[in-house]
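Structures given as structure tokens follow.
Note that chain A is present in both complexes that follow, paired respectively with chain B and with chain C.
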Partner chain A sequence: MRGIADLSLEQAPPLWTPFLFLFGAPWFGVLAGALLLKVGALPVLDRWQGAALALTHLLTLGVLTLSMCGASIQLLPVLVGVPVPRVRWVAAWTWPLLVAGTLALAWGFLEGGTPWLVAGAAGTLAGLAPFLVAMGLALARARVSHHSLRAMALACVSLAVTLVLGALLVAGLGGYRTFDEIVLLAGLHLSWGLLGWVGLLLAGVAWQVVPLFQMTPEYPPLVRRFLAPGLFLWLVTTLPVSWLWPGLWPWILLPALLGMAWMAALTLQLQRRRTRKTPDLTLDYWRLGMACLLAALAVWPLGALWGGPWVWWLGTLMLPGGVLSLLNGMLLKIVPFLSWFHLQHRQMAHLRERGGLVEIPHMHALLPTTLGRWQWRLHLLALMSALATPAAPGLLARVTGGLLVAAYGLLGLAFIRVWLGYRSAQGQFG
Partner chain B sequence: MNVIELDVSALEPCEPLERILEALPRLGAGDWLRVRHRREPRPLYGLLAEGGFRWWTRCDERGCEIRIWRDGDAGAEQAALDA
Partner chain C sequence: MPSITQHLSGEHRACDHTFAAAEARAAEGDLVASRDLFEEFFEAMERHFRREESVLFPEFEARTGQTQGPTLIMRHEHEQMRRVFQDLATAFDAGDAGQILGLAETLLILMQQHNTKEEQMLYPMSDQALADRLDTLLEAMQRP
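For the complex of A and B:
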């Protein structure tokens, strides 16, 4: 039984704090697409090309980390009943530094060289450090303890490790390390970023979001309890083991990848057992994302053995196919929901003060389903084009770039539309 | 003095929240709302407090029952808690 006391949503941050991050993210996708349009086949041919590294960081830091920061600021108070401390200050500090740091890094990889890389790494670190401290404080003060919370905490630690490894890499590119060490550091940086920061955060979010929003059965308790800590512990072991026995790299990652594949397969299985069978765009995105993660695991040994196009396919399946599909699906749900929810708060205050209701738009009016569907089609086309790119790199890399610009441009414009609808509805309250 | 029944347990988010909020203005003096939900609707509570409502929730493995009445309506509160 519960009464008036449970008001965790009252602790939610002001709307502009998550929106600052969420609204900025699609435009980094547009930049990534524009970069592919400009450089063509370069990133496809060699993952060590500056253009490939710039592209990867525009997507991982720009689209992914920016969105994850926004979603975490919003989600944490609801999940743990404690607000992110000094959230306005953290958002106002982290956002510009993360944006500027990502742009500087991308430019450093493309043409700017070491000074821009150092500036980019410093900006990113300085921007994300207070964010991580604030998240850590909120998690430490949490009034509840559950598996999602633990997964989110481990994801934050993984982000810190990823950033440190990235900073070591930037120092290494300045000539302080051997090429073999740089290759190993890059592998560790990528693994902690994708499997640790992104994978663990997705796991924590999935335990909550999939059963709630997709009306599936719950994930099995054993999976919720052990998967995230197990994945994290395995990643921790990769640090000393791969350093002491470099020959084991990258095969030492196999158990962690199998853990992620297990989660993906389980999610697909749960989604087949959902109790309501109506079409749902977020569900389509999640199905695509989980299927791509499974395919990435199948491709991974081939990429590790043979390199070449297999590495491009692996990266495409893992990042735009897997992680960014899941993210797009969530963003298309979160942004209109938050706007609608804040309008409902105004509505309730209006009801209490004046006794009547004002007509406010439904979520689907704020972000029409047709707009979301077009975004989905463009995302799907971009993904298919990216997968086909090794067949005709010169042409298809640019086609993929154009489609990425269109898909993320539409997402960014859809969010602006949501904001305009929100502002217009808010005007009715005077 | 009426009880308004609302079963949102088969609806997808965020329809349950929309249905409950639509039903609130219909609560007259002495009326209360009984909602059946498959989960505890935590986001609802902040909205209820904002709108000047009070609530009582009980959850078990089959789902949750939430009873809602206007703050200060002693008759409705008594009826809701006694039901």
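For the complex of A and C:
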């Protein structure tokens, strides 16, 4: 009988591999908040400030990429039927390098300067390269071929492009390129990161996850078939076109942004038609995220034309409002479910081999819904404060920083609570 | 042309609907109505499991020679779900709404992961492997 249980879990990676990534992510949010507390209004006034760049990278690499790596390790076997190969090695290699690389990069932007930037970029690249190779191998071996799979593969390619563009930028900051080129490169780096890596991965995941867990109708087949490749092809076109005709920048991004907006609007509409009516925090997070993404699109032309506070609003709506809301919503489910899943595996093995049912905590016992709701309230407050910040940057930037520390601190502590509950339940099995 | 994928995925959707209604009643605090709907859901799921375990899986195993492969994993996941069905019944006996909602959400994720694997991998593989026997199989799977 043992064989059965082992085989079933064989597909699921060892618990520590996704958890290493998922547990680390909130603390980068705490760091980002602490940074804002310390520097105050600087990043609000000018996106080129070192502090602004440090803040962005703590959120995009630290919170976002770290947890997307963890979530991919976990979701791949379920969504495409194939585990990430050598997942222990990949996790043990990628995690420390990505963490150290992100910290070095942030420090480089703040005070450290070029040597730290180079070290940070090198660490991030070296950390993520094997991860991307492993993901690529798994996707190539997938037992199914569906549109989510293609979206995920294109997302991985986009991450690689983003990293290369980032490395080029670091070389530029070292002093061998003109400022105009740096601005354009930074724009491309940002678009490939947000629209390519994050946007495509979220689209691929949403097509599977939203109909499944929120019980909505399926996304229309045409959207699933053409959106991801279309978005990707458009991003590919922007590379040479914006290099040859810099005047087209950033308007050339418009079709890609409209594609994302369409996706967000469609998701909101599908969610209105959901079968599962039980109140659900993840659903609330997804609706907030999609609404923020739509609002970001409305703000985008103003940011491109006028700059100033519009850029701050755009960034806030895109990143913490849009993408990080979606992420929070998923993490609050993935972490307690995985813990329960591994506990149930032990429980059933115990029942078979020794008889006697050992009680294990379910998802809400591991992560109480009230804790999740408080996290949501803090996240909302941080978001509102961030949006209000241009009205009184000196004060509100620090308030936002404090709220970010609280919101992500609570998320990090909630995960630690899940871990402690998991450990003590494990203890019952002797 | 009806297929295994179509037929059995349809049963998944029907079970989803009953589950959603049962869970919503529990969230509103109406545990009596919720319990009735959950009983209905357990029955429908058991019927569905039986179709897979005693019609589809044996045919698939005989045709492909894979007895240690995907069907083994699916059978184990059925056992995991049956375990949660029992936990839910216990929670209803105790009248513990918090426990019921926590178990229901846990079950939802477990069930949907399982259904995805079947709908995207096992069922299409079966449609291919058993193409010449679809009519007989589908008929066997219509029986109550």
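General observations
Just so it is clear, the second predicted complex is superposed on the first by the 418 of 430 C-alpha atoms of A that agree within 3 Å, B and C clash if a C-alpha of one lies under 4 Å from a C-alpha of the other, contacts with A are read in each partner's own complex, and residues count from 1 in each chain.
Rule of thumb we're sticking to: a residue touches a chain if its C-beta (ideal position, glycine included) is under 8 Å from a C-beta of that chain, and two chains touch if they have at least 3 such contacts.
Every value quoted in this text rests on a predicted model; they were computed, and no experiment measured them.
In the superposed pair of complexes, A:413 makes contact with neither chain B nor chain C. Of the two partner chains, neither chain B nor chain C is touched by A:392.
When both complexes are overlaid on chain A, the residue A:362 reaches chain B and chain C alike. After overlaying the two complexes on the shared chain, residue contacts for A:275 are found with chain B and with chain C alike. Once the two complexes are laid over each other on the shared chain, residue contacts for A:337 go to chain B and to chain C alike. Within the superposed three-chain model, A:349 lies in touch with chain B and out of touch with chain C [touch as defined at top]. After overlaying the two complexes on the shared chain, residue contacts for A:215 are found with chain B and with chain C alike. Of the two partner chains, neither chain B nor chain C is touched by A:241.
Annotation: chain A residues 3-4, 7-8, 78, 212-213, 215, 275-276, 278, 337, 340-341, 344, 347-348, 362-363 touch chain B in one complex and chain C in the other. Chain contact summary for the complex, chain B toward chain A: residues 10, 12-14, 17-18, 21, 24-25, 39-40, 42-43, 45-52, 54-59. Every residue of chain A that touches chain B in the complex is listed here, in rising order: 1-4, 6-10, 12, 78, 212-213, 215, 275-276, 278, 280, 337, 340-341, 344-345, 347-349, 351-352, 356-357, 362-363.
Residue ranges of chain A in contact with chain C, taken from their complex: 3-5, 7-8, 11, 78-79, 81, 143-144, 146, 208, 212-213, 215, 275-279, 333, 337, 340-341, 344, 347-348, 362-365. Of all residues in chain C, those touching chain A in their complex are 16-17, 20, 23-24, 27, 68, 72-73, 75-77, 79-80, 83-84, 87, 98-99, 101-106, 108-110, 112-113, 115-117, 120-121, 124.
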